[in-house]
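Here come two complexes built around chain A, the first alongside chain B, the second alongside chain C.
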Partner chain A sequence: MRAIWTLWKKEMRIYFVSPLAYVFLSAFLFLAGLFFYLGVTLTGEASLRVLLGNLAITQLFVLPMLTMRHFAEERRLGTLELLMTAPVSLGAIVLGKWLASLTLCLLMFLGTLVFPAVLAYYGDPDWGVVFTSYLGLVGVAAAFCAAGLFASSLTDDQVAAGLVGIVLLLPFWLVGRAEALLPEEWADTVRPLSVLVHLDSFNRGVLDSADIFYFVAFTAVFLFLTFRSLESRRWR
Partner chain B sequence: MIEAIALTKSYGPRLALNNVSFTIERGEIVGFLGPNGAGKTTTMRILTGFLPATGGDARVAGFDVFESPMEVKRRVGYLPESPPLYPELSVGDYLGFIAELRGFTGRARHQRTGSVMERVGLSGWERRILGSLSKGYRQRVGLAQALLHDPPVLILDEPTSGLDPAQLVGIRDLVKSLAGTHTVILSTHILSEVEALCPRALVITKGQLVAQGSLDELRAMAPRGDWYLVEVDGLDGPRLGALPQVDLVEPLGADGAWRTFRLNARVDPRPAVAELAREAGARVRTLEHRLPTLEEAFVSIVGRE
Partner chain C sequence: MNRNLQRRLAVGSNATAVTVLVVAAVVVVYLLVDRFRIRLDLSADQGSVLAADTVNKLGLLDRDGQPVTVTAFSAQRGKKESYFKDRQLQDLLEEMDYNSAIVETRFIDFDKERLTAEKLGVTDYGTVVVQRGDRRVDLQDRDLFRRSGKGDDRKIEFLGEAGINRAFSQLMSDSRRVVYALVGHGELDVEGHDPNGLSELAAALDQENYDLKKLDFVRDRDQVAPRVPDDAAAILIARPRVAIPALEEDLILGYLATGGSVLVAVEPGSYVPSLLGRLGVVVPDGIVLDKLLVFPYPDRPVPRYKSHPITKDLSDEMLVTVVSRAAPVQASVPPKEGVRASTLLETSRDGWIDRGGALDSGAARFEADIDGAGPAAMALALELGPESGLVKRGGARVVVLGDADAIANGLLAEGPGNASFAINTFRWLLGDEGRLSVVGRPSMVRRLALSAEDLGKVRWLVLSIGPLLAVLLGAGVWSSRRGQ
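Right after this comes the complex of A and B.
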């Protein structure tokens, strides 16, 4: 437990002593502001639907870039060897990194809370929907950070890791529109894999255990794959 | 303290280590010698628990590396070939992180980082960013990282590479000061380093342990006889080699008409060479007996390529 905390602190420090965190936070908040403005002016309703829907898809591209350096860079610098010869478990290393990237996501979301505040000043948003929508956003962040870390564990080239991450996540987005590509019976089978389908109920204010399970399982599977990928690389 | 029993490691079809066995006693400083790519780093990575071996066993500080890697990792300080640093962090932050990783918190953490920085000559460098340090200072931080928890076993992969002569002496003195209380295995391909630091050495080449012993024992493994240096004008290699006393002739180069040879012989060939030169009307500039250096012993043990 303490090792995870130590590793988390190190990751956060690296995020904030380099331009990385500031670039991500400002880019993300800029996009969020844009989506909010467009969403409210185009639809004329006091809702965050457009903003949050777009932020979810933004994460598909932003999070692999946020996580791509984690293992790729550690391997290139030789610091992975340092961590793996220190008395900490591989699981702690993976969790520390995942929690750190998730923390940065939470900070990004924290910045977007100004938008519901604006809505509350001028209108009367449905707070239940706002709450579940944000929960969905956190679910997406947790899942995509895990997938991004997995991509990063596969290679020691950051850019390759970022691209692999995006390519890995795209299908989970696209199957939401599977009926356009696949015969109907297939589309019905793959649609439950879609991030969109599960995110949709969060955005409508519905908390369904199946949707929560989806994001938890998504995260767990990719964290496990990251663990295995790092472990198996030692054998080669 | 360190025991390797029939260690074997293959990367796919390539055999990196083949049946390597050795023992290192408590308090010993042992040099690990070999040309690049011989398997030094692989062996060290196995001993630190970073890499699993394909076959064989390794015990470090009384624990099996494969069965209780955590216990081994707690007792080993490891400096990889290139110091594992985060370029964004400062020296103080980095060593603080290592200290916490090693289980030191609060005051203990402070005290540990302070004392290890003093030990490797980094006092006053806390706030320097690792990415801006020169090679020598990076190496010191790497060493500080390995020494921080005062481990009974130190595994140092080329600890003095990239250091200037003054730093070299400093680091060597530091390693020497560990003798007796710490068990140290250090790899290098610089032989003077072994001569300066290690009473005993292991020689590895192409994944196999080809020799081990004290430096005198290794020197004794040099070719059959002694080496003699000859500089002549008017004699060639074959004629020198035809002398019954000479076992081996190696041309070393030429300086105008003067040609230099290295002879290996069990019986002192100098009178015979002088006699031959006189008969052939050749001139002799140098004719001397050379004690075998560790370099020569090393080269003859690992073979010429």
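Right after this comes the complex of A and C.
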């Protein structure tokens, strides 16, 4: 735990002393504001559904960019060997970096809390739906950060890591969209893979054990793959 | 092969095998979790999950096995509320898909897939077509959405679940059944839209494929001698103000003797049909009160559900049936032979039958010398066997309700459980036990009250302040680090 905490602090410091976090924060908040404003003007509803649905897709492109430097940068600078030979378990390294990325995401989401406040001022939002929608957003962030981290563990080129992350995540978004184009038996098979399908219940105020498990499993599998990818350096 | 390569191959294949196994295990666990899902609806109107009634009906369709298709066409793009309409329909179809193996749902973009619309003969945006075999029911916008108010107070409610539910009933049932409401003695008006009318009950019964028609023994000129129509599935006697002639009561008893069903709803002070006495039911003077009241009404006790098929789902879902100034109804002591009486609604132990006194001075409290001790029943279900001497063949069913208001428009809309209680009562009376459940409620769009000026403020707030703060914070950190 202590090692995770130390690594988390180190990663957070890197985020916040460099312009990275602020660039991401301001870009994310601008996009979120745009989605919120469009949602409000188009629907006239006291609902965050348009915003949160779009933010989930935005994360698909933003989060691999946020996580791309974690291992790729360490490899390029040659500090990954140092880190892996330090008295810190590989699991702690992976978890520390993943938690740091997730924390930055949570801070970005914190900035969007002004939107429900606006809705409450001008209308009567359904707080149950707002809560579950944010929970879904956190689930997506946790899963995408893990996938981004895995992509970062595969290469020492940051840009390549970012692109690999997006390519890795894109099918999980596209299957939800392409479902209608597939034959029925195929559609039924690929449907459970779609992030959108699992996010939908959250956006309607429903907590479904299968959807919660999907995001937990997605995160756990990619963290495990990251662990395996780093571990393979020891025997390759 | 050198030893190093051998070692790498061994470790590599081991790592790959473990990775594949872990991923496979996760997939297997997911499939299990997916099969035994647990769902919790946190939305305010619980509108995201289907009502028990719809789930029940989907279950009946699944058991029947004949495929059902629900095809919904999108609303006209660019029109106000089109987003709300499409989203509500899509959510509903998704839930139906999830809850049924036999019902296939499709949401069609009307503009993009005109061919599908033409094939189905659909010409209007927002139409929903429910098909089963060669039968179909079309639902139009007016069946799916209800509008009320004007200007800023304009509201739109989604009634799609009830509409499609009704379509299922129509497709499942070969014929509509008729409930006759006795008239001519000051009963509640079947067509009345005021709080004391029964138009909402008629609409709810219509969804169940039951017609609510008037039964006027005096004015019905089609009949030579007054009689209960042959197609009567049940008779409703809703709060008669004046005495029902003995001849008419005898006709109803005669109808019961052939295995009919009757719902008698009375009020404190209203006429109590004498046939209730023949059935072994007593309606004592007074009104039912309780220490546990529906806030802020001093005359609305919170009824407890007693164990019975009519009330089971209501009790499970903890839906309150609201009664207002209910009359007590009791089974006679000793009970009438051949009549099995079950209490449906009852007060708590702290309830009582109030006969004036303290109530008149505004404070409801039990006075042992004049009031009747609780718990006091407000509704009874009776099953009449041949031993009662009232039934010639089979069995007859009667429900006696001490508060006719509970099934009238006012409380039917207000009480969370009233519609379900009323519909379940008729389902039980008509022997449709397989359909007993809880009736769904409409979901409503939550509108924002934003003027053009407000919209300007919101735009400025959400598009400028947040990003600007983040930029300023970054600039501050950057300049302070440069200073160091």
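Just so we're on the same page, the second predicted complex is superposed on the first by the 233 of 236 C-alpha atoms of A that agree within 3 Å, B and C clash if a C-alpha of one lies under 4 Å from a C-alpha of the other, contacts with A are read in each partner's own complex, and residues count from 1 in each chain.
Definition applied: a contact is a pair of C-beta atoms (placed from the backbone, for glycine too) under 8 Å apart; a residue touches a chain by one contact, two chains touch by 3 or more.
Not measured: the values here are computed from a predicted model.
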item: Partner chain(s) touched by A:D200 [first = chain B, second = chain C, both, neither]; value: second
item: Which superposed partner A:A217 touches (first chain B, second chain C, both, neither); value: second
item: Per-residue contact with chain A, leading partner among chain C and chain B; value: C
item: First, second, both or neither for A:M1, with chain B first and chain C second; value: neither
item: First (chain B), second (chain C), both or neither touched by A:A86; value: first
item: Partner chain in contact with A:V17 - chain B first, chain C second, else both or neither; value: both
item: Which of chain B and chain C A:D124 touches, first, second, both or neither; value: second
item: Contacts on chain A seen with chain B and repeated with chain C across the two complexes; value: 17, 235-236
item: Parts of chain A lying in touch with chain B, wherever the complex brings them together; value: 2-3, 6-7, 9-10, 13-14, 17-18, 77-79, 81-89, 234-236
item: Chain A partner contacts - residues on chain B that touch it in the complex; value: 11-12, 45, 48-52, 70, 73-74, 76, 78, 80-89, 93, 97-98, 100-103, 105, 145
item: Partner chain C, residues of chain A touching it in the complex; value: 16-17, 19, 21-23, 25-27, 29-30, 32-34, 36-37, 40-47, 49, 111-112, 114-115, 118-119, 122-129, 131-132, 192, 200-201, 204-210, 213-214, 217, 220-221, 224-225, 228, 231-232, 235-236
item: Chain A contact footprint on chain C (complex, rising order); value: 7-8, 11-12, 15, 18-19, 22-23, 26, 29-30, 33-34, 36-45, 48-49, 80, 83-84, 87, 91, 94, 445-450, 454-455, 458-459, 461-468, 470-471, 473-475, 477-478, 481
